[in-house]
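First chain A sits with chain B, and in the next complex the same chain sits with chain C.
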Partner chain A sequence: MKAFFENVRRHFGLAAGIGFSLLAIQIIAIALAPYIAPYSPIDADPLSSLQPPSVAHWFGTDVSGMDILSRVIYATRINLLISVSSVIAAFIVGVPVGLLIGYYRNIFSNLIMRVFDFIQSFPVFVLGMALVSVLGQEVWNVAIVLGVLFIPMFARLIRAEVLSLRERPFISAARCSGASDLSIMFRHILPNALTPVIVQVSISIGMAILLTAGLSFIGAGVRMPTPEWGLMVGNGAQQMILGVWWVALFPGLAIVFSVLCFALLGDFAQAVTDPNAETIS
Partner chain B sequence: MAPERSPLLEVEDLTIAFGDGAPVLDGLNFALNRNEIVGLVGETGAGKSILTRAIIDLLPKGGAITAGDIRVEGQSVGKLPEARKRALRGGEVALIGTNAKLLLDPVATVGSQVGRVLKAHRPASRTEIRSRVIDVFRQVGIVNPEARYEAFPHELSGGMAQRVVIAMALIAEPKLILADDATLGLDATIQAQVLDLLVSKGRELGLGVLLITHDLGIISHYCDRVGIIQGGRLIELKPVDQFLDKPETEYSRLLLDAAKVRPAPRDQSGDDAPAASIQPLLDVKELRKTFVVDGGQAVVRAVDGISFRLCKGETLALVGESGSGKTTAGQCLLKLLQADSGSVMFDGTEILGLREHEFRRMRRRLQVVFQEPYVALNPRWQVVDLISEPLALTGQRGGAERAAEVTRLIDLVHLPRRVAGLYPHQLTAGEQKRVGIARALATGPDFVVFDEPTTALDIRVRAQIIDLVRELQARMGLSALFITHDLNSVRSLAHNVAVMRHGKIVEHGETEQIFARPKEAYTRMLLAAELPIEANRSGKAPKTELEFVR
Partner chain C sequence: MFGVMFATFFLIRLLPGDPALLLLGNMATPEAIVSLRERLGLNDSIWVQFVRYLDNVAHGDLGTSIFTSNPVLQDLLERAPATLELICWAMLATVIIGVAVAVTAVVRRGGAVDRASRIYGLAAGAIPDFWVALLLIYFLFYLLGVAPAPFGRIDALLPPPNRITGFYIIDSLLTGNWDAFISSAGRLVLPVLTLTIVNAGALMKLTRTVFGDVYRSDFIRHARASGLPESVIVRSALRNSLPPIITLVGFLFGFLLGAAVLVETLFAWGGLGQYAVQAVVNSDYPALQGFVLVAAAFILLVYMTVDILYEFADPRIKV
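So, the complex of A and B:
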């Protein structure tokens, strides 16, 4: 444990610092949105529509006169809720599935792999659009769709690790010690296979944020007036040609920093959990 | 160039440290002349490999020479301009490392790789280079060198790859060869061939050879002088004969004692017991296991119908070179691999046909100590968990009872109790091996397979493990199968020996009988390849006996 903290300290540099700062900002925005947002995120005020940034509206207002700063702050909740929950769900389902199909090589596991091939061979957006329009444009439906899309990724990653780990002598040693298949899978293989998956979780959250925003942008995600970054960028895009840049810019920046945050955290997790740095020969 | 009198290699007061840490090499002083072979002996971590890297000025990152100097032909290596250093590496000083297969580039043919070395040092036309490479290949005993020139490293055996690396070292006609554990992990027969070749080439060309090893047998057979390195210091340096007769320091004496063949002080009282019991504990008949390789193109008969019996309290050694199928046979007995056909009766029960869950109840009685100590331990488990895992098989559920049992096992294999909370990577190789043995003994088995119990261990650790196994044999009345190519250890541990070759048992009999009067040529070859340090010094001549078997 001490070695772990030592390792964390050694890899904690500027990039990780920025990553964690951005994460802290997002957590504050989620927790304290009602206190720091100057206006309600869904109160339209047609009289003050498309106001440029000013003292009253720092980020300006959109076409319905809703305060963009408030909407950007509140949208953190929706965007991270969808992204984090979909990735966690994919992790919970994908990891055991990957473990099973890596450990037992039979027709059944082959079949599951082909299903994954099928899911992954579709353009993500087309599949996402189709699924969301069938299920209905609700926040949870977007999360479910993203979760389904991410399951094959986690399962494949774990499976690849399992395939190499199951041939290692310590697995034979465990079998000779009377370990059952379940015990070998979950107590011996899983802890050793989890490292790259932990890194993938962080990177996937970033991808999920982009996908959520993208689906909403093309109108296949959540609907107005729910505050959501991609939806806001989509609304602003229509006014860009009129010189109204602020409607799309600020939620766009929010997406950029949020994705950057999880990418940086992923790199940090990668550096910390790198097995080469861990082993002391 | 350099004055005629200066020795080929001079190392003067050499001190090397990493960062601000304690020096890994501390005040090393020695010289190596042309046409001389000096052996350096030390245990893992003594700083031997760092020395070779320092001589070619390629220290690992963070390492630096803090004092002293290294001179090749009177010229200080560290002070040479970069271009001269490159000419020195491979051109005048060649390094041969451990594990040749990893040293070769997997995507280039071995011929072109060796050719590149020549090209870097002695520019020549393409056809000239090719003919030179093939020439050197022939000299190092590569059969059919023209064909081998086009081979990729994965197509070669370990011994052949090692020859390629030696060819690579010799091709630019260096004056000094550094062999850093160049034969580690090779079979004894191959090791003897490779070393014979290296040494005879060195003598023929008048090269200086620095032979780094932890095997005193190699030293006594091939070297003129020997240096002992302990903790980064050269504690002894003298001609080999004098060293073997009269080691100066306590540490050297320990090493020598550990390396000596133990003349089998087996407990003779137990010897009659196996013959008395009528039903054998283990009865193997016509065991076969084949592997399909090359995508169904070829079939390898790894185990080709072997039969043997093992009585209670008896130890059988299964001896052979790598690829002889001995490990596969052991894994079939433990049902880690499913045998194709044959019969394995364990205490009256046929186990080959049993399903995994039926066999699991019997696993308590058949255990195994794996070959490589580190990889057979789950890296994320503490020692206490590793040792207590098999206890579930004996049905001991109580936490306190288990904890007491783990402590008893840790004591049994003579480990300090503090290791319980450590992870495998925090242990030394010897300690890892002991944990592996403790795991195998946890369930109180009747039969234990020891897969290569002594390979890859330092001399002293090896002796300690042999002593431990012998003690356990006597104390617990174990029946054991030793899978090994280390004949020295077999002699002191096993009642009977079975020699395997190409999946078949070619000779089977009492240990002393096999050692005294081997019947098969193959057995004789295995015995001849051993390098016991007591063997007479005439053994320095290349072993011609090896040739006729090949």
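So, the complex of A and C:
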């Protein structure tokens, strides 16, 4: 344990610092949105439509007069709710499935692998778009679809680890001492197989944010007036050509920083758990 | 491919709502709905329907688009060259920029390119492509006026070149149509730049790792000790790092197809991606089904090409 903290301290550089600061900012935005947002995120005010950034509206207003700063703050809730919950769901389903199909090698596990091959043979965005539009464009449906699309990734990672671990002497030792299959899987293999998955969780959250935003941007995700970053960028798309830059710029920056945050945290987790990894700092 | 067809079929069957009602609209009489259901074969068992669907697809019949009321296959074939042109140029630019930056970063380790590429590699994965496209439109079109307007593949006043390959740039060159060539090349700049900025990061990161390992390996050190010029060393190191690069390029093709959906919408490109978005917005399920099928077929084709290229890149691998 002490070695672990020593390792954390050694790798905690500028990149990890930025990552954790960005995470803190997002947590504050989620927790305190009603207190720090100057306006309501969904109240339109047609009289102050498309106002440039000013003292009253720091990030300006959009076409229906909604305050962009408030919407960017509130959208943190929706965007992180969708991406974090979908990745957690994929983790909860994908990890046991990966364990099982790695440990038991039979027709059934081969069948599941073929299903994964199949899901991953589509471009993620295209399949996501089709599935969400079939299920209906609700916040939860977006999260469910992303979760399903991420399951194969987690299951495959775990499976690859299990395949190499199950031949190791300490597993044979556990089996000889009478441990049941379940206990071997969850008490002996799982703790040793989790490392690459933990790193993947952080990266997947970033991917989920990008996918959610992309879906909403083309009108296949959540709908107005829900504050969501991709949707807000989409709202500003037509105005961008006419030189109205603030509607699309700020929510886009929020996406960039949010994804960057989880990429940096993933990098940090990688550095702490794997001493050979090449990192940014 | 059978699996893909199986899934796209059942995806559509999961849809809430009756296709007959969707086709006829809300004013349809119950008798009309019953007769159309009969005609569409919706009353047969699901397996009979599935076999009929397989049969239709095998004959090139992907159904009729509810929105454009053309056969879906015809719609898709009309729009495919636009998307392919966009994706191919973007892929070309991605490979050139990604590999060139990575090689420079490895050869001049610790230099400006090396440091810039680290920051770029990190940022590129975090930037949404549609947002990059908007920023490019704002700066290069609205502020500086150097890029053409983001409305389609060619100036609206110019007739498109005669269709030979479907690629406007190649067609206009073949027919010697200079106006069309300049216009369509200009229109390609912004979308290709968008896709390249977003994609080159991943390729650059991978190439830097793989090429870096090869570049510091023993056989390269031996080549250098034998006095070979740097250009020969770089070339042979690059050749030995090709297989993983080819794999990623294949994967990026699939990713580009998804990204094209977003970028085409922004640039009114009129390709497959925009067609798919229209299908989603208009609940045009046959069209969406056709697009997903074609996308999957395209990916399979790309992966097959990747396998074949493997053998060329590394003769030790037998496919």
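Methods note: the second predicted complex is superposed on the first by the 274 of 281 C-alpha atoms of A that agree within 3 Å, B and C clash if a C-alpha of one lies under 4 Å from a C-alpha of the other, contacts with A are read in each partner's own complex, and residues count from 1 in each chain.
The definition used in the following text is that contacts are C-beta pairs under 8 Å (C-beta built on N, C-alpha and C of every residue); 3 or more make two chains touch, one makes a residue touch a chain.
Worth saying up front: this structure is predicted, and the values here are computed from it rather than measured.
Enquirer: Under the stated touch criterion, which partner chain does A:Arg223 make contact with: chain B (first), chain C (second), both, or neither?
Expert: A:Arg223: touches no partner chain.
Enquirer: Decide which partner touches more residues of chain A, taking chain B and chain C as the two options.
Expert: C
Enquirer: Have a look at where A:Gly243 lands relative to chain B and chain C in the superposition and call it first, second, both or neither.
Expert: A:Gly243 contacts chain C only, not chain B.
Enquirer: Touching A:Asn192 in the superposition: chain B (first), chain C (second), both, neither?
Expert: Once the two structures are laid over each other on A, A:Asn192 reaches chain B alone.
Enquirer: Determine, under the contact definition given at the top, whether A:Phe170 touches first (chain B), second (chain C), both, or neither.
Expert: In the superposition, A:Phe170 contacts chain B only.
Enquirer: What is the contact status of A:Gly178 with respect to chain B (first) and chain C (second): first, second, both, or neither?
Expert: The answer is first: A:Gly178 touches chain B but not chain C.
Enquirer: Just checking: does A:Arg10 make contact with chain B only, chain C only, both, or neither of them? Give me first, second, both or neither.
Expert: Neither partner.
Enquirer: Once the structures are superposed on A, label A:Arg105 by its partner contacts, choosing first (chain B), second (chain C), both or neither.
Expert: Neither partner.
Enquirer: Shared contact residues on chain A for chain B and chain C?
Expert: 280.
Enquirer: Residues of chain B touching chain A in their complex?
Expert: For chain B paired with chain A, touching residues are 331, 334, 336, 360, 363-364, 366-368, 370-372, 375-380, 389-390, 392-393, 425-426, 436, 439-440, 442-443.
Enquirer: Where on chain C is chain A touching in the complex?
Expert: Listed in rising order, the residues are 3-4, 7, 11-12, 14-16, 118, 122-123, 125-131, 134-135, 137-138, 141-143, 149-150, 209, 254-255, 257-259, 261-262, 265-266, 276-277, 280-281, 283, 285, 288, 291-292, 295-296, 299-300.
Enquirer: Please output the residues of chain A touching chain C within their complex, sorted ascending.
Expert: Against chain C, the touching part of chain A is residues 114, 118, 121-127, 129-131, 133-134, 136, 206, 210, 213-214, 217-220, 230, 233-234, 236-237, 240-243, 245, 248-249, 252, 255-257, 259-260, 263-264, 267, 278, 280.
Enquirer: Provide the residue numbers of chain A that touch chain B in the complex, in ascending order.
Expert: 168-170, 172-180, 188, 191-192, 279-281
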